[in-house]
Amino acid sequence: MKLSVIYDSKTGNTKQAAEWIAEGMNGVDGVTARAFGIGDVDEEFVKASSGAVIGCPTYAALMTADMRAWLLEKAGKLGFAGKLGGAFATEQYSHGGAEIVIQSILTNELVFGMLCYSGGASRGKPVIHLGPVGVNGNAEAHNGMEKYRSNFIIYGERFAEKASELFVK
Amino acid sequence: MKLSVIYDSKTGNTKQAAEWIAEGMNGVDGVTARAFGIGDVDEEFVKASSGAVIGCPTYAALMTADMRAWLLEKAGKLGFAGKLGGAFATEQYSHGGAEIVIQSILTNELVFGMLCYSGGASRGKPVIHLGPVGVNGNAEAHNGMEKYRSNFIIYGERFAEKASELFVK
Amino acid sequence: MKLSVIYDSKTGNTKQAAEWIAEGMNGVDGVTARAFGIGDVDEEFVKASSGAVIGCPTYAALMTADMRAWLLEKAGKLGFAGKLGGAFATEQYSHGGAEIVIQSILTNELVFGMLCYSGGASRGKPVIHLGPVGVNGNAEAHNGMEKYRSNFIIYGERFAEKASELFVK
Amino acid sequence: MKLSVIYDSKTGNTKQAAEWIAEGMNGVDGVTARAFGIGDVDEEFVKASSGAVIGCPTYAALMTADMRAWLLEKAGKLGFAGKLGGAFATEQYSHGGAEIVIQSILTNELVFGMLCYSGGASRGKPVIHLGPVGVNGNAEAHNGMEKYRSNFIIYGERFAEKASELFVK
């Protein structure tokens, strides 16, 4: 089963997060996951995927303009309907709005006809409510992407396990 | 396969919407759907359901206090994890905030570990982006619940079809 | 006192809404309001304005990509900090997500340092919770922009009255 | 000029945040700020206040049921229309949904007719996009309320300065 992680990244933090999610997915039996920047998507791989997790940095408490444009212009052609959908984000401050970004991406995924899933509180700790967030260390010295590494990996595992349960018969 | 529709209703509009959704669900082969007010939920039926659609009126552009309390206090005990989740709302004005209510209910459902689904643009017209909304006729004379009847029924059908596809082997 | 209405419009519905808001504003003593498409903004007029109302159509339950790009690339240079901020949207279905768009625009305005205001329930009926919405007649025959005309005008009046109260000494 | 901070707190973290905001407010000349739990509000003080900042913990990525009930049942009687409004939240994980809670409280404040303000990026660093968030140390060892103390104080200062600018003639 194939799974895709698709990201917009400006400084590398969100790319790193995407790769951790794919790493978590690839740890699940039978799963082949790959991460793609929005400018470099392997469309055939995405179309053949059973699920996609989409993420971007938080700009002014909302998604980036490039992600907004990509979702409207390109994503509609990738056959997302019926696939499992997830979302993640990065931000510079804990209050920066990353969960609003995740909520917006999931909203768009629902309009694509995706099945959205995070696992939430049902998978034990860490509870990952809507999707994982990385607070990079640019503005809050006590934060930094490494502190969120395990959340991204665990989220990828949970997402891949659910996709396997649903789509591998 | 059982499906539940759960609602908070103050004047009957949201109850009506819930019953239309259940009607749409019951039109799908093999589905038995029932609608319950939050004060009168058949917990065994809900636990045995493969999916649940939850809705309420819009108060001050957000969900009702009773629905907020019910989601936190009762819904956690109903085994929602892994079930298909949907949401709907009613409002008095087209600008009243019903979609924000739907987005919030779906957010809570994700935390329960549900798979959220609307069908969105993937099921043709009417596009039902996040969930159906009924604008009652209290404040906008050109509106009224009857005008939204078919949206609720179609949404129920689509939801039941997806639940059947996922969970009836 | 100057006030600006800034819009992204694809088919003319949102432009029409913007002009109605400006019409309502211009009915308030001492106010000169103008409406601008995002590709044709009179930057000096906007900078000299005491408030700005921003709106766009709803695409996939979120704001348009052009509005997202404009807010991030251009709006930051228009000196919005401290100005009164408002928002509006159009949609094709009552459930299309216009209030989510309005909430997102207001969110971005707060990051600009604006004072956000709708009047809400404090100005009597029609209650305009977050901002006015026009449901165009493309998908719902009982709707159509004309049915929302008075909401846009009243919203413009209320916004201009509040701006006058705050900023005209 | 009086300013109020109103909170729902379960374990003391949100109460602590509220007191820091009030401390920041009280550092501004001419301001008397007090913090109240929702069960112990001095209604005369709140009515006489020029602004109110409202906050609560994040439960299932949304506001608490008690805050939702309080906003609908009690807050409407406190004459919030025209006052400056702000919001804050606490959460157990950086991805817990605190910004969604803040966005919801601000949404309700707009319906009350308040002027919402955060300062956002216009006041320099720290950028406080919508309102301050405290990630308590329950689930993320590298976090803890003390790490967010200065954000709450600075937010209180900025809010009080804006209220003074607007309402002290």
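The first chain written gets the first letter, and so on, giving A, B, C and D; residue counts start at 1 in each chain.
Quick note on the criterion: a contact is a pair of C-beta atoms (placed from the backbone, for glycine too) under 8 Å apart; a residue touches a chain by one contact, two chains touch by 3 or more.
Note that the structure is predicted; figures quoted are calculated from it, not measured.
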{"item": "Number of hops, chain A to chain C, where each hop joins two touching chains", "value": "1"}
{"item": "Gap in Å, rounded to a whole number, between the CA centres of chain B and chain A", "value": "26"}
{"item": "Approximate Å spacing (C-alpha centroids) for the pair chain B, chain C", "value": "30"}
{"item": "Sequence positions of chain B contacting 2 or more other chains", "value": "60-61, 97, 100, 103, 107, 110-112, 120-121, 127, 129-130"}
{"item": "Topology of the chain contact graph, where touching chains are joined (line, ring, star, complete, other)", "value": "complete"}
{"item": "Footprint of chain C on chain D - complex, ascending", "value": "81-82, 84, 103, 106-107, 110-123, 127, 129-130, 162, 166, 169"}
{"item": "Residues of chain D that touch chain B when the two form their complex", "value": "59-65, 68-69, 71-73, 97, 100, 104, 107-108, 110-112"}
{"item": "Residues on chain A engaged by chain D in the complex (per definition of touch)", "value": "60-61, 92-100, 102-103, 120-121, 125-133, 135, 139-140, 142-143, 147-148, 151"}
